[in-house]
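Below, chain A partners chain B and then partners chain C, in two separate complexes.
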Partner chain A sequence: MKIDKDTLHKIAHLARVEIKPEKEEGYIKDLEEVLTWVEKLNELDTDGVEPLTNMSFEENALRPDERSHQLEHERALKNAPKADDDYFRVPKVLD
Partner chain B sequence: MRSHSSFAEISRQLTDGSLTCVQVVEHYLQNIRAKNSELNALLSVYDEEALERAALVDGKLQAGSAGKLAGMVVSIKDVLCYQDHPLQCGSEILNGFESQFNATAVQRLLDEDAIIIGRNNCDEFAMGSSNENSAFGPVRNADNPNRVPGGSSGGSAVAVQADMCAVSLGTDTGGSVRQPASFCGILGLKPTYSRISRHGLAAYASTFDTIGVFAHHVADMALVMEVIAGEDANDSTVSRQVVPAYSQQLEVSSKKKIAYIKETIDNDALNGDVKEAFLSKIEALKADGHTVEEVSFPLMEYALPTYYILTTAEASSNLSRYDGVRFGHRSTEAKNLEEMYKKSRAEGFGEEVLKRILLGTAVLSASYHDAYYLKAQKVRRMIQSALNELLENYDFVAMPTAPTTAFELGAKTENSMEMYLADLFTVQASVAGVPAISVPVGRDQDGMSIGLQLITKAFDEAKLLAFSNYLLEN
Partner chain C sequence: MISPEVRAKYKLVVGLEVHAQLQTATKIFSSDNNSFGDAPNTNVSVISLGHPGVMPKLNEKAVEYAVRMGLACNCEITEYQYFDRKNYFYPDLPKGYQITQDKTPICVGGEVPVVYDETKHSTVKLNRIHLEEDAGKSIHLEGEPDSLIDLNRAGVPLIEIVTEPVIHSPEEAGAFVAEVRRIVRYLGICDGNMEEGSLRCDANVSIMPVDATELGRKVELKNMNSIKHVIRAIYHEMDRQIRMTENGEEIISETRTYDVATGDSTGMRTKEELNDYRYFPEPDLSPLHITKDWLESVRSAMPMLPAGFREKFRKSYGLSEYDAQVITDRKEMAYFFESLCQATNNYKAAANWTMGPVKSYLNESGKTIDQLPISVESLAGVITLVEKGTVSFSAASQQLFPYLLEHAEVLPDQAAEKLNLVQDSDSDSIQPIIDEVIAANPAKVKEYLKGKKGLIGMFMGEVMKKTKGKVDPKVANKLLRESLETVK
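What follows is the complex of A and B.
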């Protein structure tokens, strides 16, 4: 599969990753290489095969809907790059 | 204390008073001090804490109130939460992170009085096959420090290999326990998908990830499995099936039926010494009365591409949580929220991780979803059905764990496609969700170890462990 710069930046935007201009060529080459390699699967006829979407052997493993295992406020915030006493802080969303 | 002592041996000595837990910890700490600066298997060593805990466990042993794992010293891969201890997944994006709670597997080890001696280096977010892809530098193979230990759980493998602990926990998504076990000459078990709770395990690919165990002795592995496997209210995917007493079922009472796969033996990537060691073990099994047959598994070659489509897709979703908001690295360059996400992620993640996130995002994006992701999910079902069918007719499927032995550092870092081939024989069991183990069966002409992989039916770990024990002893 061919990837052009526009496609690369579209994918990067969806993934919320910044790509510097000097890295573009490298990523395009890497992505094309792997995406072409995995096209090998097209050799197989999968008509009528149900996709396998869930590997767990459990169905509807439900627990009682009760409050439990609360992470204390302080603990929840302790790894934050920026926080005040109550909340995580981020840069302004709206100008 | 003897090197690579079995837990049974240690327990016996603890009971007869010829050894204390403190001495056991000191034994491992001595090896860590002597070797870790070169091998880089441990990113944190909890020396004082381990000694304190050992003294506590010695007290419990005297009082007769000690848990099942009293005297067992363990290290854990840097993707498993250990409360108030660092967790970085081998990545700079988690600089400064400390776990807020214990992973279920870790909690269960602690509850049975195991002692955690340190945190194992690994490939960043468990993505890699040589452990050269850690933000904290490569891990080296203790049998030859110029060789890789395999990955991604290379640090966990080397910690056991170099006698820095008795047992370690790794994780296996496509071979990350079995392949390093093969490269380091030890046992590595990937249990059935969902056998062990993943609460507190930093996710990579959620329909593949399993916690796995490294050890020198099958009985030690069996005991740890007994303790950590099973139902957990914090993981809705974990199996509620009863956990057997694996350690009490290590005898092999009957002759087995084993298949080995033609497509692995005929594979161009398979190294000659590995092939020879594998086939000679096959002959030995036949000579001992087991039925061993060559079978064809034409879907073999489709497992690796299937694995890469699905795991990168799942990784792109799982790793979206590393956004610089609640934990980890945040860029100081960003002027608004979107820039903060993009710059924090670009700065914090390593190249291979970024590449897999982009790949996964691509195969999940609207234009490519059906052609790649959906296609791979269909092929996954075909591979799972074919492997399960084979396992209906045979007790085990055997193959070399990896196509080669441990390679030199730097040998495959330039070409990631070549690196991906290191998982060629391990991904089948991961794609199908069935358990598999790597058992050391020989050495190549350079003295590097060779592993034989056994695969069996879902939840048949007891059978797998018993036969591995037999293989090691014969």
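What follows is the complex of A and C.
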């Protein structure tokens, strides 16, 4: 599968990663290789096969509506790169 | 302003998306507290914070609540479902994706009957209702270099109710939101508080020339936090689009927010032009299977809905459509009226008392109906006293009812005695007073008999004065007329 520069940058934007121009070619090559490898799956006939959404065959792994495992406020904020006494802080987002 | 003639050239087309936060004790995929108004970042867990390696687990109650809503709206309940990831970056969405249902919404189709402009009926068709998680809250303060993030709301269970584009007036849209709010409240699955954001509404608005067959370009209006604002914002957007079309301008498909203060809307920056949610099945959750037994157990526990109460109140208790609407507007009021009608057969009086003295008392005191000090039996007793003519309605509503609100332990008839409100409806004791009044006013009696029938008020006034207002006016009036006619 062929990947062009626009597609590379679209994927990079969606993943919020920055790509240096000198790296573009290498990434395009890697992506093409991965996708070509995955394309192999298209050779299988999957007509009438329901998509597998989960690796286990379990269904209805549900939880009763009961409180537990709450994190204390201080611990919740502890790993944040930036926080004050109340909030996580992030670079200003507009809209 | 746009003239009615110009407006009439276009047809409004609206589709609504209503988000309702479910009143579960815990979040949809984790067991931290689901509650509004607590100190920031106190109702959180490693799952709602999106820590690496954690696994979501679905809250059974959230599923049950969504099914209740689906049954209430006559939707088809999807037997086999899975969840999907909707991928986007925003700081109040810690995982980088929202878990939602894209391909297999829990409820499909359905409809909500609405009444608007008092007498217009319509049935709003639903596209779907799906389950998803709420995001956290971002706070952008003026002059602050940072945005502040509160993740208490992250992971709160939501149902999103999506209509087909079948709504054709702002009032109809408002009535739909009002009915959805009533339904979720009757079902006890959401408090319906639009100001606190537990019920939120987005609207897709477009216009088309009346004879067109293709829908116009739609504009999405975001987050209107009251029904009044929903109606106003849609009016504003409709007029904006008509004006643009009349001026030959092109409508851009965008998201706009309506500012209540200025009454104007502004486009939100569309830097997310490239947004592509890349939905795919959520691999961390096992599929959901609503078995027949499960569905039946939810169905059998369904409470009566506002439409059911309205019908019952009209058909069984003879209420007008308007009265039925008023009384069923709040669930608590409907239940109160229903139990009042179990205690008295005078349904008309029960409705008048509920919408009159009871409602005014609640409005004035700021109380809710479950805090009403007087019992249903006691109020039924008051109704009986008025019905029998023992106490006049005005004495009952102005004196007896307020007294009973203060003295809930006193029985109505005892209270009426104590307040000296019992009126005489015994004709034998009223007749002598009437005779007295007639004898004392021979000139007026002549005038009356000559046809000046308005004088009856003067005679009644005299009777009331002599009896200190304690005769049954109906009985006194009848006796008075009869006695006057027999004076020769």
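Heads up, the rule we're going with is that the second predicted complex is superposed on the first by the 93 of 95 C-alpha atoms of A that agree within 3 Å, B and C clash if a C-alpha of one lies under 4 Å from a C-alpha of the other, contacts with A are read in each partner's own complex, and residues count from 1 in each chain.
The definition used in the following text is that contacts are C-beta pairs under 8 Å (C-beta built on N, C-alpha and C of every residue); 3 or more make two chains touch, one makes a residue touch a chain.
Keep in mind that this is a model prediction, so the values were computed, not measured.
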Once the shared chain is lined up, is A:Y87 touching chain B (first), chain C (second), both, or neither of them?
second
Pick one for A:L35: touches chain B only (first), chain C only (second), both, or neither.
first
Name the contact category of A:R63: first (chain B only), second (chain C only), both, or neither.
both
Between chain B and chain C, pick out the one touching the greater number of residues of chain A.
B
After lining up the shared chain so the two structures overlap, which partner does A:T46 touch, if you call chain B first and chain C second: first, second, both or neither?
first
Which partner does A:E18 reach: the first (chain B), the second (chain C), both, or neither?
first
Touch test for A:A76: chain B only (first), chain C only (second), both, or neither?
both
Those residues of chain A which chain B touches in one complex and chain C touches in the other:
10, 14, 16, 51, 53-56, 58, 61-63, 69, 71, 76, 82, 88, 90-93, 95
Can you name the residues of chain B that touch chain A in the complex?
96-98, 100-101, 193-194, 207-208, 233-234, 236-241, 299, 301-302, 305-306, 308-309, 316, 320, 323-330, 334-343, 345-346, 349, 354-355, 357-359, 361-363, 365, 372, 374-382, 384, 416-417, 433, 458
Of chain A, residues touching chain C in the complex
10, 13-14, 16, 51, 53-56, 58-71, 73, 76-77, 82, 84, 86-95
Okay, in this complex, where on chain C does chain A touch?
24-26, 30-33, 39-47, 49, 57-63, 82, 87, 89-91, 138-140, 144-151, 268-269, 271, 274, 276, 278, 281-283, 285-289
Which stretch or stretches of chain A touch chain B in the complex?
3, 8, 10-12, 14-20, 27, 30-31, 33-35, 37-38, 40-44, 46, 49-58, 61-63, 69, 71, 75-76, 78-82, 88, 90-93, 95
